[in-house]
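My questions will all concern the structure given below.
All chains are identified by letter, namely A, B, C and D, in their written order; residue positions are counted from 1 within each chain.
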Amino acid sequence: MIDLNCDMGEGFGHWAAGMDAAVMPHITSTNIACGSHAGDPQLMQATVALAQQHGIAIGAHPGYPDLQGFGRRPMSLTPDEVYNLVLFQIGALHAFTVAAGAALVHVKPHGALYNYAANDWLAADAISRAIVDFNPALILVGLAGSALVESGSDHGLAVAREAFADRAYERDGSLQSRRIAGAVHTEPERVMAQALMIARDRQVKASDGSTIDIDADTICLHGDSDRAASLAQAIRSGLHEAEVAIRPLQEVLAQRR
Amino acid sequence: MIDLNCDMGEGFGHWAAGMDAAVMPHITSTNIACGSHAGDPQLMQATVALAQQHGIAIGAHPGYPDLQGFGRRPMSLTPDEVYNLVLFQIGALHAFTVAAGAALVHVKPHGALYNYAANDWLAADAISRAIVDFNPALILVGLAGSALVESGSDHGLAVAREAFADRAYERDGSLQSRRIAGAVHTEPERVMAQALMIARDRQVKASDGSTIDIDADTICLHGDSDRAASLAQAIRSGLHEAEVAIRPLQEVLAQRR
Amino acid sequence: MIDLNCDMGEGFGHWAAGMDAAVMPHITSTNIACGSHAGDPQLMQATVALAQQHGIAIGAHPGYPDLQGFGRRPMSLTPDEVYNLVLFQIGALHAFTVAAGAALVHVKPHGALYNYAANDWLAADAISRAIVDFNPALILVGLAGSALVESGSDHGLAVAREAFADRAYERDGSLQSRRIAGAVHTEPERVMAQALMIARDRQVKASDGSTIDIDADTICLHGDSDRAASLAQAIRSGLHEAEVAIRPLQEVLAQRR
Amino acid sequence: MIDLNCDMGEGFGHWAAGMDAAVMPHITSTNIACGSHAGDPQLMQATVALAQQHGIAIGAHPGYPDLQGFGRRPMSLTPDEVYNLVLFQIGALHAFTVAAGAALVHVKPHGALYNYAANDWLAADAISRAIVDFNPALILVGLAGSALVESGSDHGLAVAREAFADRAYERDGSLQSRRIAGAVHTEPERVMAQALMIARDRQVKASDGSTIDIDADTICLHGDSDRAASLAQAIRSGLHEAEVAIRPLQEVLAQRR
């Protein structure tokens, strides 16, 4: 049993991003940008409405305040700055779910903040505290095996361990930097194979050829390529054939316990 | 019985604004900037904490997305844009009150948005709906006699009618534009006199010398001059001598009913 | 003889916009966004390089400081604010042309600023002065028949009168607001026909069916649809068949004198 | 002989910063914020005008695109991003000097960019190239002994080596991080003494008590405290008594050769 999640609402103003409407039917959770690395009030409202239509679990996707760098450039923030940044963004998205009569289910940090909190205990702690202080019933989504996931657990949060079907892994279970060529898989077969390996075998092949164990509750799909929808559909079908059930995070976590 | 409110947290990053800590002891409600015309996550957190220390009612102070113009430059937004802009900002500030264990009590639009909604029914309606959709128990603060206040009432919101001790009024009860010299009173005696006239006599003198009736539940003080604190203290004393009780909005509105 | 221009570099950070590379071969002038309504340093550098490769005249395309609204939302700025805003953006783009060994040829305001200056004499004057004060040899591009073009002439600037192949016109020669359905033509035949009518007959059909005279030195193509390149090519061919020469602004203006 | 410089125009919109007008009479060079870490078109125009009135040399003061962090938070940018960021900002300020009939004399990076380029050769190279590509006659101001200064020299730029009267130094000649208590001196006597030691003895005392040699062409004063003007005046008088001539950068560099 596994959840399929996708980052959405990652446009800004005039600029659309991703194939959100086309990918929605194939996933169970969506992480919506909150106006910092991407997203604006209009788009947040529209993306919440879209997720609601598709009956998909809604999460906040807070990122660095770096619109130009799409939240992917490392920034040096204090734990206090991280705490407040995340709290602000969760609150903003929460308002749109309340107005829509929808529920806010989870929080998944974005880009460089996600990576930073995967290894930095102070950042991981700041994010966990922001979530606990706002609503301890929210699920924290972080990289499987990361400091973020461990910190969330320590704070009593339900945590969902994430794995990536289309990202290359280093031997230590970290994601290969996007600056390295080949860090993002684009061939459908390869993405499919990695998704299946994660969901069924609970393993992934690292870039050096070694096989590493990975315990994942959710697989991240990317929604910004033209083939995003067909790829998402293919993964869904592949998992189905392999008899892996695709279920929302809450169910996956409930079963795990 | 009247409430004294002041806009606060109107700095940004490196830039402080106002004498927030010095004015706090003299007021009963504060409107906190939400990161759009001013304010940032760090400052929002700090200002909520300050208000909490002083036992002052906390409100959201949403403005236009125009940091450079401090939300004072008219912008042409659709009602949908206004709705989402306000919802976003209320949500962001709400998160800081939740994390602090404080209550969010009211919403007062800022600057050009406040003025626009004083006259434009679609904007007033959009703001009222954003508040109702987030939390219908919030109090809407708007210019006494404005479309905003009437729209809020129509939507079933508790509304607080605001008057200004230091702003010149036009004969029709609107505020004189800040672009006109003399639109903002700076002499303490004059500000004092206008505050007293509003609170005790329920009247104000317009710029053409005529006297207009005004029903106000709250008086706005400005916190950004060096004398803000001494002026606030003087007004407080003056109202006290005139046996006008200074009470938070909730009490003022409760008594009114 | 006519110039074909297209707004380019109108993405931001992560977000691309338009089919710049595909449209470039078919035009003679490009207006490059300067980081205010769109554009960022990376994209400005890349777009200048692209224009240089195609031997196309480079212009600055300054807009309102409203990234979220893509510079299309009217804002109320003082003439001083307009002057400084335009000067800032011209200077920023100029630096990229200098570094690339290219020339800055013209300035064309964007969106709501363009429309505002078409009718508001103070805004038109502010833009003209900003250009004159930076470099009086720059060409000012504005709506044919507008206050902007007249103001530029009064300030001694060479001015290029612009017409639109894909925008509906009002009877008075102004552009129909984008908020009105049908304000932007999308059928290739219609766009082609309007381009031809402008270039050959020096006329355009208004939305009420009347025919209005228009003296244009340049036709604006839009580069942000999927069909932008094929449309640009079709217009080029159509004008060629009608024996209208497509030449850069400098040549068009030189011939006019 | 030494130059006295001060960072100015570091407000934004509604927010003033520094005592620019009061400090101007006491310095010989000013570094003006270019709209990225601080500054906006209105303020850039006003600060250029102020510098011109006082006959002070004008420089561009480019910083990271982090308004909220005042350009003081380290960001991870590629050399290309640094190059384009600096080029953009130099160009923007240059436009204001041209319109004012003033000269752009130097470029001094701000905050975290300044510190990054003091040690990172790729960043230093990117900044040097941006200056050379825009105008090789501009003077590059960098920390005495830094990679930035050396890189500028390698690129054929005139370089000015900067020292700080009010910042604590580490033993290796780098500035102590602002995050460390005591990194910024506030007692006038101490600032005075350090200024004199730099200008006369060409030495500075490090935080560990050791004395280090420093060859400086310019001393940086800070303009953002209430005492900035009196401190600047005191330093000027102190240097005068010690028979150190205070001259603009160009003269200081000319004499050095």
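As a working rule, a residue touches a chain if its C-beta (ideal position, glycine included) is under 8 Å from a C-beta of that chain, and two chains touch if they have at least 3 such contacts.
Quick caveat, the model's predicted, so the values are computed rather than measured.
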A-B compared against B-D, more contacting pairs: A-B
Rounded Å distance, chain B centre to chain C centre (Cα mean): 42
Geometric centre distance via CA averages, chain D-chain B, whole Å: 41
Shared interface positions of chain C, touching two or more other chains: 68-69
Topology of the chain contact graph, where touching chains are joined (line, ring, star, complete, other): complete
Chain A partner contacts - residues on chain D that touch it in the complex: 65-66, 68-69, 73-77, 112
Touch list for chain D against partner chain C, complex: 35, 41-42, 44-45, 80-81, 83-85, 87-96, 98-99, 130, 133-135
Contact footprint of chain C on chain A as seen in their complex: 10-15, 17, 38, 40, 67-70, 72
